[in-house]
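Below you'll find a set of structures to go through.
Note that chain A is present in both complexes that follow, paired respectively with chain B and with chain C.
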Partner chain A sequence: MAAMTPTPAPTASDAADTAPGSGAAPAGATARTRAPRRRPRPRVWRGAVLLLAGAYFLVPLLASFVFTVHVPGQGIDFEAYTELLAADGFTESMLLSLGLAAATIATSLLLAVPALVAVRLGSPRLRPVVEVMCMLPLVVPPIALVTGITTVLRWGPEHLSRTPLYQTFLAVQDERFPVVLVLAYTVLALPFVYRSLDAGLRAVDVPTLVEAARSCGASWPYVVLRVLLPNLRASLAGAAFLTLALVLGEFTIASLLGFRPFAVWIVTISGAHARMSVAVSILSLLITWLLLLLLSRAGTNPATVSSAPRTSPTSRKES
Partner chain B sequence: MSTTLPAAGKSERSADPAPGARVEFRGLRRAFGSTVALDGLDLTIEPGELVALLGPSGCGKTTALRVVAGFEQPDSGEVLVDGQDITRVPANRRDAGMVFQSYSLFPNLSARDNVAFGLRVRKVGSAERRERAAELLDLVGLPDHGDRYPHQMSGGQQQRVALARALALRPRVLLLDEPLSALDAKVRANLRDEIRRLQLSLGITTVFVTHDQEEALSMADRVAVLNAGRLEQCAAPAELYERPATPFVAEFVGTMNRLPGRLTDSGQVEVAGARLPVDGPVPTATREVEVLVRPENVTATADPQGTATVVSASFFGAVTRLHLDLPGGTSVKADLPSRDAGELAPGARAAVGLAERPVLVVARSA
Partner chain C sequence: MSPSTPASHPEGTAGGSTTSRRRRRGPRTWLAALPLLAFTGLCFGIPLGAIAFGAVTRTDPSSGATRLTGEHLSRSLQGPYLDSLIGSVQLSALTALIGGVLGVLIAQAVVTSRSQALRSAALTASGVLANFGGVPLAFAFIATVGISGVVTQLADLTGFGWNLYSFTGLTVVYLYFLIPLMVLVIAPALDGLRPQWREAAQNNGATGRQFWRHVGLPVLAPSLLGGFVLLFGTAFAAHATAAALVGGSVPLVTLKIADALSGNVLTGQENVALALGLDMILIAGLVMAVYLPLQRRSARWLR
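Entry: the complex of A and B
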């Protein structure tokens, strides 16, 4: 056998087993560095596009800010902002929105993560079905969702008033924390949560990681908590990120169902305090950005920002 | 590189090397829809033995391995480890370490934490975990790579870490699912030797799935050739090559010529002007057969009066393989020492002969 197919002569143990970033560049890399350098393409267009996009984004914000601080005939005045914290309903509505966002994130992730992992591991052929189901809320207008919810809420007292479920039915509509909004927002967030998690699951070889962990003695809960979730960190953060933005800005459902989270409160005060309502909008944008920044930081995998040698494109060698 | 396996954890066995277990497949059958992956597989692997499961794609070798690992349930049959039926034991409670084809390291963990993963599952203390992970990394030749993450290591290094992780719990059975197939040739050869050296020093029973016959023949104590879910032959590499039990094994392992021949009344076969003894089953329906002959059992000498013509010559270092045309349109391959093949350039006439060895025959296809 050996006579038919000559094997390569043994070499030093790791001559070809070069780690990325270890400094040993393959021959091809040398050739690449000797090749004539291409002239960099002009960056004018990039700058122009960036400038236009930035202007489109920032000009309305700046105009809004100027509107809140510039009082005609009086000059600069920060009264809109100083009065904000004392405004009736500001703190309550903000806390309510944040609470709803947290509950929606938890509910949607608790629903979606096990379902998508199960589909990926157990029934990959069901993935298109699950995808269509998760994407449905995108094509159903919120007003249709509200109509459906309203119908159910009207139907409830008539049929449930003499059952133990009635108290539960009332509890989900408690205006201090309307669970019914969490349920509605969970449905609305499903497409975004699905997309983010699906991308994360595609990037990880879930079946192999699960089997590797199982062969090391890990139970199923251990596999999910210690192997899958840490490796889905970025996509979990992305899903939470999008859900947070959605809940903080959602107006239609909350308004039509008669609840008063932050977005509804802003519209409510805008009639009487136009300047303050714009100040609140700017503030809510800043708060949202801050939360999104925190979430994106939380989604950064420490493995990718470690101080160990990084992979350089020229030295990476697949071996 | 040291070859001392670190002591087991508090809940584990003593510090003595864990003896390998005896693994038995009994009548394993597994079908995926209409496709039968395992069709009554019977195989016994002795303690400390390295057995390679070899076969073409879809022959059931990976399914057999996954049944041992607990990732597949057979439709019928059982798997015994040291006489104990583990067929229905969950994967995480089997005493088997596994190395996968794809780099299966946990991307969010460093090499050290990957190796210590199983120890952490077993609640081994952190100091002991670190110590043992360091010893195992040393064992696989990566003592300085504990802090590296998988994306900072090459494929070969990742597979070494995966091997260390599989050995961390001192399993009695090591399962290798084509662990070298994603590596380049040099790394593959190095890692192949290291795996074998470790396996021998630890005495761990190892099942090694591969489609690369060179790997199987060079590493394994015995090679089990599978075809369509059935075991064709399980034998030591030399026996498998020299005395294949079936035509499938003969043609799958190594290179084989098929030459037209005719069975004689004396139980021999006439082929290329020679009479050779027949080994293995003889077709009863016809006397017209095809004779299976290894290229190294074909001789060729330069002869202007010879009936064969050299079509091409491939140089493989010590050996040169000649492709020759025989009268009647038959082609034959012959392996000659390169020093003897100098005169047999393409176009040269040659006399072809066959070594006097028993040959396998199969009925000639129409």
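Entry: the complex of A and C
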């Protein structure tokens, strides 16, 4: 069966290529007449779908670009881009967002990698617990999480003002580097980090690798840094990319807690500098695209965003 | 070195390399998972507890006494709040349905095409576009089909009654990140639909429609439903796009919560925001409770 099945597909396509008219096929054999007739139709259908989709996804990008460079009545003008760096608050908000992203990536990976490796190595019974803990944030929309966070933060002045905890509450909400955002973003990023790392770990036989390295005399730090992490490179990069995209684009939590990272800044300037806000939006998309391309180069497997494309090859490997 | 050694001396100090690892492995690995569990408990559990607690209690400002009440929850299911919940559910269901169907069509077109370049380009683009939600997306659409947008002026869309800052407008914008999400989710499932099945059906005399009716759709059904549910959840939780786009002209529960939190309502209504948050968590939890088993089920055939 397995040896037979690949053959009909090439013959059908060959027939379609060499004899596009279905009249050439012998009328007696139903299977043969259907094969050449069926081929050209999906091609038209596919082309139409892809064309429409391409138009829908490209037109807003192109139109936005035209919007930023074309001033009605004045012609082409790249002011929106050239003035960007000098714009009030651009550098600060960008640096804040990048700093938050770096801190979030570091925190989430430092939390998730040891836990996931440990669950694979020695505590399989903890696995469902860790999985549920990591996936639960998917159930809580950011806007709902932020209602909880504001309530908790209000406890600081209301109930804890005489305890040393109060200082912690203040420090966490520091304008220059709001740690509370790092904590919230880490919670939001955990499901994605978990899925990416879990898919990566599934493709690697962790116990065997560890035992091999250990019996060759490697120390535990060496095992983790030089044996496990290189094997997880693609999924670590995927997790980092997802977290970066999440933090750079996050608006809800930051704006409602009153901080001003990049996404909030775009909204605040949109009233006075509409052109510039659109220019920044396009740039942020291009930056994301560039990062994803770099990432798919770095990893063997293009670290696609959803877990689904990543898990399917690994699960195939397992079965 | 005997298997019984670790069990009888669980607290033994480091000895030979193998035994010491065996002995230490149990407690040590458990400790490595502890920071993660502690973190989620602290940074996720406490806010969640605060939502649940605040949604069902009322604190008297003068006496400071806290008592249990259902008024916040019942108020969150009345009047404008109920409208916003219904609006959110309607928008999410509509966009998830349209996005799901279009996403499947595009994914099928990409998967069945023999061009590897098209395939990888489409999947990468989907990965980026699925993340291109929020504020930048809203501004890109304002520049394109907003009141003074490029396409609006070129094609005179306003003459056709087009308005970006409406339910329809929001639908079109949401589809921009929901369709790529559906492509990402459903492409592996379509890949798993083996050509052999189709050939087997054809050899038995089945038409294309019969193949989809009796083989294709049943195999894909869990993935399709799972994708729909995921899209619904994503659209339901989306706030930034709507906030940057429509402000308050379309009733959405996320916008209502943001209003209540930033104090645009009567005082004493913060707890209604918590109750609305709880409503959202319940709906999203329901959605995920449907999604996760479906995902597991779809993995059975498609490997």
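Keep this in mind: the second predicted complex is superposed on the first by the 230 of 319 C-alpha atoms of A that agree within 3 Å, B and C clash if a C-alpha of one lies under 4 Å from a C-alpha of the other, contacts with A are read in each partner's own complex, and residues count from 1 in each chain.
Just so it is clear, a residue touches a chain if its C-beta (ideal position, glycine included) is under 8 Å from a C-beta of that chain, and two chains touch if they have at least 3 such contacts.
Note that the coordinates shown come from a computational prediction; the quantities given were computed from them, not determined experimentally.
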{"item": "First (chain B), second (chain C), both or neither touched by A:R214", "value": "both"}
{"item": "Chain A residues touched by each partner, larger count belonging to chain B or chain C", "value": "C"}
{"item": "Partner chain(s) touched by A:T268 [first = chain B, second = chain C, both, neither]", "value": "neither"}
{"item": "Partner chain(s) touched by A:Q173 [first = chain B, second = chain C, both, neither]", "value": "neither"}
{"item": "Chain B versus chain C as contact partner of A:L190, first or second or both or neither", "value": "second"}
{"item": "Set intersection of chain A contacts, chain C complex versus chain B complex", "value": "1, 5, 8, 214-215, 217, 302, 304, 306, 308-309, 311, 319"}
{"item": "Touching residues (chain side chain C, partner chain A) in the complex", "value": "17-18, 21, 25-26, 28-33, 35-37, 39-41, 43-44, 46-51, 54, 102, 105-106, 108-110, 112-113, 118, 120, 123-137, 139-145, 149-151, 175-176, 179-181, 184-185, 187-189, 191-192, 195-196, 199, 202-203, 205, 208, 233, 236-237, 239-240, 243-244, 254, 257-258, 261-262, 270, 273-274, 276-278, 280-281, 284-285, 288, 292, 299, 302-303"}
{"item": "Chain A residues touching chain C - in the complex, by the definition given at the top", "value": "1, 5, 8-9, 30-31, 34-35, 38, 42, 45-46, 49-50, 53, 56-57, 59-61, 63-64, 66-68, 70, 110-112, 114-115, 117-119, 121-123, 126, 129-130, 133-152, 155, 183-184, 186-187, 190, 214-215, 217, 242, 245-246, 249-252, 255-256, 263, 266-267, 270, 274, 277-278, 280-282, 284-285, 288-289, 292-293, 296, 302, 304-306, 308-309, 311-312, 315-316, 319"}
{"item": "Residues of chain A that touch chain B when the two form their complex", "value": "1-8, 10-11, 13-21, 204-205, 208-209, 211-219, 222, 227, 230-231, 233, 301-304, 306, 308-311, 317-319"}
{"item": "Chain A-touching residues of chain B, taken from the complex the two chains share", "value": "69-71, 90-94, 96-98, 100, 102, 104-110, 117-118, 121-122, 141, 145, 147-157, 162, 165-166, 168-169, 175, 183-187, 189-191, 193, 213-214, 217-218, 237, 241, 253-255, 295-296, 316-319, 321, 335"}
